[in-house]
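Here's the structure, in structure tokens; my notes come after.
Chain naming follows the written order as A, B and C, and within any one chain the residues start at number 1.
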Amino acid sequence: MNYADLFRATLPETALEVGALVVLVVDLGFLRKSALNLRVAVAALLGVAGCTAALWMLPFQGMGFVYPGTGEMLLASGGSSAVAQIGILLLTVLTLLLLADATFTQHVGEYVAVVLMAAAGGLLIAAAQDLLVIFVGLELLSLGLYILTAFAKRSGKSAEAAIKYYLFGGMSAAFLLFGFSYLYGIAGSTNLYRILLAVDGPQGAQAAPLLYVALVMIAAGLGFKVAAVPFHLWAPDTYEGAPAPAAAFIASVSKVASFALLILIGTAALQVFEAIHVMAKYEPQAHIPAAHGFWGFSVSWSLILVVLALASMVLGNLAALAQTSVRRLLAYSAIAHAGYMLLGLAYFSNASRSAAAILYYVLTYGLTTIGAFGVVGAVEKAAGSDRLDAFLGLHKRNPLLAAVLLVLFLSLAGIPPLVGFWAKFNLFAAVLHASPTGMALGLVILAVGMSAVSLYYYLQVLKRAWVMPAVDETPIAVHPVTMAVLLLVSAGVVLLGCFPALLQGWIAGFYPGM
Amino acid sequence: MNGLPVLTLLTVLPVVGAAIALVAGKHARSVALITTLGGLVLSLVIWTQLPIDGSIGLVERAAWAPSLGIEYHLGVDALGALMLVLSAIVTLLSVDAADHVHRQPNLYFGLVLLLEAGLFGSFTALNFFHWFLFWELSLIPAFFLIKLWGGAKRGPAATQFFVYTMAGSVALLLAFLAVFLSTGNMDFIQLSAMASSGQLEQMVTAHLGPVMMWLAIGVLAGFAVKVPLAPFHTWLPAAYSEAPSPVTMLLTGAMSKMGVYGLLRIAVPLFGHQIAQMRTPLLALAVLTVVMGAWTAAAQKDLKRVFAYSSVNHLGYCLLGIFALAVPAAGAAEQTSQAAALNGVILQMFNHGVTAAALFWFVAMIQERTGGERGINDFGGLRKPAPVFAGMMGIVLFSSLGLPGLNGFVGEFLIFRGVFPLAWVAAAVSILGLLVTAAVILTVIQKVFAGPVPERWASFPDMYGKERLAMAPVIGLMLLLGLVPQLIVDSVNPTVVNLLAHWRF
Amino acid sequence: MLAWTIYLSFAGALAQALLPKDKPSISRWLALAVALAGLALAVAGFAAGIPNHFARVTIIDAPWVPSMGIHYLLAADGISLVLVLLTGLAAVAGVLFSWNIELRTNEFFAFYLALIGGVYGVFLSFDLFLLFVFYEIAIVPKYFLIAIWGSTRREYGAMKLALYSFVGSAMVLVGLLAAYATSGSHSTGLVSLAHAGLPVSFQMWCFPLVFTGFAILAGMWPFHTWAPTGHVAAPTAASMLLAGVVMKLGAYGCLRVAISLFPHGMDPWGFSLLGVGSWRDVFAVLAVIGIVYGALVALAQTDFKFVIGYSSVSHMGFVLLGLMTLNQIGMTGAVLQMFSHGVIAGLLFAIVGRIVYERTHTRQLAELETMHLSKRLPFAAWAFVIAGMASMGLPGFSGFVAELQVLVGSWIAKPGWTIAAGVGIVVGVAYTWRALQKAFFSDAPPSAHMHEHAHELAAITVPEIAGVMLLVAATLIVGLYPRILLEAIEPAVKTLLAGGGQ
């Protein structure tokens, strides 16, 4: 076993872990007596430095890591993984910067350290090729998230949310592990590709009922991570209870990591599926059930994803209509957005095209949602609540903040020329490119229709911010760094929307064939 | 004159005048006087420039909206030119009579001038769209003149006037739409040529089925409302009596002629055959108009209503003449009769215009002097305090009665001269109308001018110098045309011959 | 050059957003300057189209998303030019009639100019994706214009309008995505999609979807209900733009996208139900129903602005009917009617919403009846007389030529439609007439209520006069000399009908 290879393959993760340790040391060791402002600034900057270092090290991690014992790949870099990892790191930087005027905790050092470690988990997931690595990465990320949720120790809501999140999370991890164990049982390997080959081969056909159980279990585990209906119950409470920067992290970075994982699975499944069909064509005598009507992995997985996507789009959007808390509203809208992306995954074909579309979506969604939580945090701080009515007359209290809110929410609703529109267009175009008729078309119609519905609840917030008169007209002060982050995010949302080719070209650059 | 678009100038003149009047404040009447005088001069010039052979002259053409067959196509023959002169005279008289408009005079005279533009435009247009534009243009100012300056019941009267005329317009429009859809053409001259060769009916029938009769009815309805023909006349008494008298002068003197003109220029040339087929019922309606108009006039107590119904009666003769001459395959004798009738109709149009305008002017003067009273029984013996007034109005009344030597006689005589050989029953019954009218007029003369003078009218002012000056030329014209009708007939006759040659019944 | 209409408007919007809040006059003059510049560019662009007989001219064609074949493609043919001209007119008039906005003036004009920019963009886009982007850009500011500066039930009206618009645009988006995918995901250019040979069965379902999506914004019955409430709720300038321009976006989309990309969607089904045998028949029947229904409902309204609101539904029915004639004269009429109704409806809304309502503070015809406005506001009364005559379709105004062409076209296509639409015209005369009588020329005695309003009504202002003059001149010029626009529209319609979409 070559530990140097492993070290090289995990350089970015290592950089993050080191960063976490440095933050802890500096904060706990040197700055214990300092003012909170300073500690926050130092911790956040160190965190940003850690992320920057990780970013810088990304190109050095090579092609990935092969476990010498079995010759199987544990980690693979490049392609979707690289895009996702860069996205995770950049979004983490933004969420760290939102910490600037945080007052919810005295323990900023620990907070930043946990963020960095969770981000490391995210990086691992994004590159994982092995069930065990996936599980480890997921747990690393999840544990971090549980802690982040609970970080506002003086808030009962925060604690309640964290407990709920933790219990649901633990349960779903158990399901996931259970599903993984079946897969291992069927395939005798923890490597994704081997499992898929086995599942689509004779072993899979023999163990068909077991396979379906496993897939449902895994769907439950991963569905929990992306907050897909019916595994979404934690999301509204967590989004509502977690401190704003933590919520932003959960809504963005963890989403990116989870979808990166789903893309990996989808890509692998597609490659195996295609390979098997090629094989079936040239070696008809080899009995390959997946080529002869057996659902195998791809078809069953797609079906499950369709169900999840459908349920998430419909329920997320409809439930959001009834919310009076903006955070819960964002949570349900996150569920809906997850539904759109799951639709993209369900009709996953021409791997790089679909993968690029979904990555584009999740990255820009993460960006936008960080901004949204930034605004919510700022308003909450002034108004003491995240009720819809807290946004009354925002245009008068802080026009710039109101303008940012306008841009971000319209982007979430999918209004051109903002990036949210392009993301949806791109995603749905990819779905239809895979299958322009029948059920896919129906689902796209539903998705587009649902995004028209979503406009209603986004407008409910914007209406209060822009249209209705203010009850309390005192101006809202926003920390300059927070404001800068928000403006940066809005500028990104506008520019990427006007020039979609920028980000798309950049993502395409990671796929040699595109 | 050659090349100068004199007809366009004539139409534009009142529009410009209207614009100036609108901003001229209390000088609006002077502006209107100058404009209408100018219009009269110009229309007389046009009268002298007509082609000798009675065909259409002074033609102006320009492309307008070819896809809809819309063309800027102007031209007049003696019929059109005579109507121009009549419109100019009547508008001038109306403006002259309206010296008591105190409320928004600028708007009032602006509208009057716009109405004149509408008249000029519709008497010169030779394309349906163009014609229709001015036909409607005249309607709108008339409505507002009644609506804003009328008597106590002006609201309903104006609405009734508008709704009736508009309904007629819609019928016209639909009929022409159908013609256009079948032929792709809206030009009166070309359509008339197509009609006389039978091509029009073929094309319409080919496109739309056997609807030619319906189209004829639609077009006739449009004009029948305007003239009016019984039973489409019910808007008229209310409108005439509620409108301020100078406006009534315009309505009866000029606007009612638009209807007759339309029949001659559009309905008969295009739908002559259908009119000939419907000749009997149409004649019956014309006779009804004549007789009913006269009888109803006899029953009225209000001078204005008396004259309103007698207008219906007088225009009934025009309709009688037109419908009577719709005889298919006329022989030589019949052709002479047709020519006589048509000559009569055209003369009657002009004469009735001048006479009726003058009559209503006298009503205006009476109202001015009495502060609004105009009941036929309110007066008596006015010739004592106001001899000149009585004399001049008497002449006009006799002209209206159709006394030989005055202008009213010639037209009616020619009509009856033509109609008797062509439709003797109708003519005979219509004579009844003549008699009743005479009785009505004489009653008016008797009740107003003869007998004892009531106390309160003992100092009824006679005509002022200004009024005498203004009325003298009118009376002169009546006498002149009564004595020397050739002045008009000589010019009109070639046009009559020309028209009859092109009509096919 | 024409592209600058878009950029200028957006730049104006941005500048307005950055202007100080407490300097409304700067905002007004800036808005007027931007709108005038837009109009000047539109006129210049139109004039520049004359020498080459309004052939399609590409303004700019740059790859936008190369990987998906999306181009930033602006071009103009005769139809675009006419509608750009209309937008310019409506924009200027709208600014003039918003001169009295005091609340958040700079924001108002920012949204206003953003809307205008979007509208210009739609009319000039020849890439479907780009067109859709501009189309949506135009929708959002509408919501805020109505919700913030509107009147009666403004939040309801604004939300209803926004949701209807978005449902419509969702349908369009589905059609756009499907057409893009079905044609092989190469390009979203209108021309290339039209030549992509989309299968007939695909066009059969995509045509009604996209047509309906756009027609919602054009106020097609039974999806018209946003229009009256939206118009009534909107501030004057916004209702002018709504009726004047935004509804035209819908109709334009029907023409430029639905009809030209999916011509076979209008093929007969092969069977017929109650005489309706194709999507074309369906939409024509809906258009006719809209004409008659809008007119009848307008006849029954008690609120002055609702009368005009429903009249818009009726008049837009003519546009849709004209489009469904699929012949030269009918479609030419439809485009001309877009222009004509844009101007006339703008004028009507300006008179009702700005000139009358801002002074009387009521739009109830029953109350206006007692105010004798023809004497107290003669300018308003006469402006409405002219606008009303134009709206009735009297000859000499633009509406006559347009509606006549539509009727002729529909007669050629199916005479039954014409007859029904003719009924709508007659009712149109009636409701305009009724409104005119009641609002301005009534003789009703002054009521007790009247005394509350007995104060002197504010004098007519210069911007109001200028705005009325501008719009009246436009409808008169086009009415008296329709060739000025027809020469632009006809060749464009001809190429469109000749197939190949554009």
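Observations on the model:
Following the convention adopted for this analysis, a contact is a pair of C-beta atoms (placed from the backbone, for glycine too) under 8 Å apart; a residue touches a chain by one contact, two chains touch by 3 or more.
Predicted, not measured: the structure shown is a model, and the values here were computed from it.
The minimal number of chain-to-chain contact steps leading from chain A to chain B is 2. Taking the CA centroid of chain A as reference, the farthest chain centroid is that of B.
A simple rule picks the central chain: find each chain's mean C-alpha point, then take the one closest to the mean of all protein C-alpha atoms, which gives C. For the pair chain A and chain B, the distance between C-alpha centroids works out to 86 Å. Our note on geometry: chain B versus chain C, Cα centroid distance of 43 Å, whole angstroms.
Those residues of chain B that touch chain C in the shared complex are 63-68, 70, 104, 107, 129, 132-133, 136-137, 140, 144, 147-148, 154-155, 159, 162, 166, 170, 174, 177, 180-181, 208. The residues of chain C lying in touch with chain A in their complex are 17, 63-68, 107, 129, 132-133, 136-137, 139-140, 143-144, 147-148, 155, 158-159, 162-163, 166-167, 169-170, 173-174, 177-178, 180-182, 185. By the touch criterion given at the top, residues 395, 403, 410, 415-417, 421, 425-426, 428-429, 432-433, 436, 441, 444-445, 448-449, 451-452, 455-456, 459, 463, 466-468, 499-501, 504-505, 508, 514 of chain A touch chain C in their complex. Here chain C touches chain B in the complex through residues 328-329, 332, 374, 378, 385, 389, 394-396, 401, 404-405, 407-408, 411-412, 415, 422, 425-426, 429, 433, 437, 441-443, 481-483, 486, 490, going by the rule given at the top.
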